[in-house]
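The structure that follows is given in the form of structure tokens.
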Amino acid sequence: MPPVPVRDLDSDEMSMLEELKATVVEANKLLETSGLVKLTWGNVSAIDRERGVFGIKPSGVPYSQLTPADIVLVDLDGNQVEGSLSPSSDTKTHLELYRAFDKIGGVTHTHSVHATMFAQAGREIPCLGTTHADHFNGPVPVCRALTPEEVAEDYEGNTGKAIVERFAGLDPVAMPAVLQLHHAPFTWGKNAMDSVKNSIALESCAEMALGTFHLQADVAAIPSHLLNKHYERKHGPNAYYGQRKG
Amino acid sequence: MPPVPVRDLDSDEMSMLEELKATVVEANKLLETSGLVKLTWGNVSAIDRERGVFGIKPSGVPYSQLTPADIVLVDLDGNQVEGSLSPSSDTKTHLELYRAFDKIGGVTHTHSVHATMFAQAGREIPCLGTTHADHFNGPVPVCRALTPEEVAEDYEGNTGKAIVERFAGLDPVAMPAVLQLHHAPFTWGKNAMDSVKNSIALESCAEMALGTFHLQADVAAIPSHLLNKHYERKHGPNAYYGQRKG
Amino acid sequence: MPPVPVRDLDSDEMSMLEELKATVVEANKLLETSGLVKLTWGNVSAIDRERGVFGIKPSGVPYSQLTPADIVLVDLDGNQVEGSLSPSSDTKTHLELYRAFDKIGGVTHTHSVHATMFAQAGREIPCLGTTHADHFNGPVPVCRALTPEEVAEDYEGNTGKAIVERFAGLDPVAMPAVLQLHHAPFTWGKNAMDSVKNSIALESCAEMALGTFHLQADVAAIPSHLLNKHYERKHGPNAYYGQRKG
Amino acid sequence: MPPVPVRDLDSDEMSMLEELKATVVEANKLLETSGLVKLTWGNVSAIDRERGVFGIKPSGVPYSQLTPADIVLVDLDGNQVEGSLSPSSDTKTHLELYRAFDKIGGVTHTHSVHATMFAQAGREIPCLGTTHADHFNGPVPVCRALTPEEVAEDYEGNTGKAIVERFAGLDPVAMPAVLQLHHAPFTWGKNAMDSVKNSIALESCAEMALGTFHLQADVAAIPSHLLNKHYERKHGPNAYYGQRKG
């Protein structure tokens, strides 16, 4: 993906992308300050749907050193359109998610410890309480392992494709998270910060689920009317959590 | 609950409420700094019994940004009497607790991870040691699930009513905590800060109880004479923990 | 224990006690900054053996607010000889330890979570590794429960006596920790700071032991030659850990 | 090991060693700030292969107080060639590793809690996910216990020799970690900082493995094609993680 100049963008468009890059920096820094990542084990991107361009963390750069100028811009054909650094090694996974899930504006990948335990065990995270229901409208699914051929051919792209395959029949807006078997979680959201918040929620729900299993090994998921109530009071058309905008 | 002006309050009364709002801000910030909450998963309120008004966190506002002017004042009929922001979505639960438990001055709700594990598993927290006895005079009870009708009709109000129902025969001053099944804990206390301290104690007792079960699955509660001794040395008429006031 | 002036101390002696109080403040603050305590669940004292006086944290005072002037001085008859605040409710336990263990200079009490799990479960902490051997020359013992009569008569004093009873045949210098059944740990050391370091070590050894049990339920204690080697390289006459003093 | 002056070093060489000492200080401080160590339970060294000299933490000195002047220089015959303080008590273990593993430039020893649980249980850490595969090309091995004679004769030197013995047939560059039975982990890397990063990764992989066992007791290691893919994308000749150098 050789860097090429952004095509046909006027100064207003450029400043929109500056804002995008600033939010991507802020969201990546939150990964570290919220304790979701060690070393450089995570990355956040955000997309500008009008321009068809997303900004993503450069690979291996410490969060505390990130500036907007470091953010790599990539178009929906996978071309690097701005930035002198190499983008995250997971860029093609983000790309597949943006291509397939047209309502999402941000993607986060971490190896947060408790969510990763579930990914490594190949167990979905059932909805055991309202904390989970507030963010994820059902059990968080596990995505199948890739075949040796898929790994050899295009590991990161095929990871994204396997996630999209797993979401056949699922609404990615109501279920903004997935656990990749043997690997770790991906979450997404309306924008970069929203996708990080879903990673924070996922990690906490995973930790709580693990402890709940200790206390009651055969615990059942919460009743569907309670799941729906909590999900709807935060995300439904009549949501009443938080402050109403204008 | 449309905002209406506080009725018939003179300037002295207003300054009392200013103080109340300041303590509610301070107590809400402590939720985050003490590690009890992620994102905006918790809220604290405090009541002025003389004026019949309680102040509560606005919904979805980050703790670090809270100022006294953000605190929403609500009367015991559930009317919002001051504040331009929407109050916590859990306001009606707080309201029911203030109505039924006339000795309490503050209420805290969190999704602290270990206490929530017990709530999700539907297991009460037995008194396994003196840390617990110092704060909770017996096992911390679990409150039953709401019916689908109760959820649909008035979820937060009925949550408060179910807690009050669970406390038939229990003294809410000696047992300032409850676990709502499928949800999370509520605690209360003499004032806002005291209710947060009980949330801190509850979380620590839940964490210790979980580990104690690992070490001895069939561990018994501590003897009642020891439970009473610890509770009384902190809270009884002859308490000798802490500094005696004037 | 009404405050009475310190007897027969000249100005040199007074300044020695000032130093003692300063170290007690510093050691108590370390309880909080090292994560061993929540709220005010712990206390540290240190003794001046020549003067037969120990300084201890006042009860219920937040660590961050402590100053040397707050430290309460108590003699070995249990009389409060200086300080206007009430001493820690655990003062009589410290007193019994200083009376019986004449080589110790500091005592720490905490409810640190993992050590307290073992105390609540009534399980000693076996020596499962060299971290433990570096600080505790064998399994950390559990002290028996008090009888109802002992609790009623003099709870804190009898706690200290039960610990001393448990140490019949044990060297408190080589085993500077105990778990009181249903309660929590006490540790001690050469001075205030050394007793806190033993609490830090105990908490970490307890956490590691719990996890080791998860990985291998029937794990055996380490061989005695390795236990002795580690203990001796830090504490024996030919110790070579750390820097040799002048 | 009495201090003797560094032999035949000109001023350029001295300034190289100054740089080495500065990196050893920085890496040791990271042990504490990253939460891998309590008290002074860990040490980092780095070697200058051209000069055949490594710098190591002095024994028992708090991390926050370390300065480059405190770093002790030791040659590959085990002679202390610079520094007035006593080196880490684990110096001879580091020495054996530098002698046997000629591609490594830094060594780290910690008692990080989760890795130490595996060492105490005598269980290797299987590769359960890509976080592990990114750093360790297979299961992290356990090194056998020393005999009483080996402990008595030269405990720290024989520890190093037992590790080297365990690595017969293993590539220490592809497997930069070991768990010493009854003790704790050692890691190494290209330089001081790289060896600390491997300790951070090891601790996280151990924590995740413990939780994965809770969720699925008989979980299998990840497929070898996935292990190789992750290891190679970070460390192989065609690695594409991070930024390419010049």
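Letters A, B, C and D mark the chains as written, and numbering starts fresh at 1 in each.
By definition in this document, a contact is a pair of C-beta atoms (placed from the backbone, for glycine too) under 8 Å apart; a residue touches a chain by one contact, two chains touch by 3 or more.
Quick caveat: nothing in here was measured; it's all calculated off a predicted structure.
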Inset, instruction - List the interface residue numbers of chain A and of chain D, divide the shared ones by all numbers used, and answer same when the ratio is over half, different when under half. - result: different
Legend entry - Centroid-based (C-alpha) most distant chain relative to chain B: D
Inset, instruction - Just give me the whole-number Å value for how far the CA centre of chain B lies from that of chain D. - result: 47
Legend entry - Separation of mean Cα positions, chain B and chain A [Å, integer]: 34
Legend entry - Shared interface positions of chain A, touching two or more other chains: 214
Legend entry - Pairs of chains found to touch, sorted by chain label: A-B, A-D, B-C, C-D
Inset, instruction - Show which residues of chain D lie in contact with chain A when the two form their complex. - result: 34, 128-131, 197, 200-201, 204, 207-209, 211-212, 214-216, 219, 222-223, 225-226, 229, 233, 240-244
Inset, instruction - Going by the contact rule at the top, pick out the chain D residues touching chain C in the complex. - result: 38-39, 41, 58-61, 85-86, 89, 111, 113-114, 116-123, 145-146, 148, 151-152, 155, 182-184, 210, 213-214
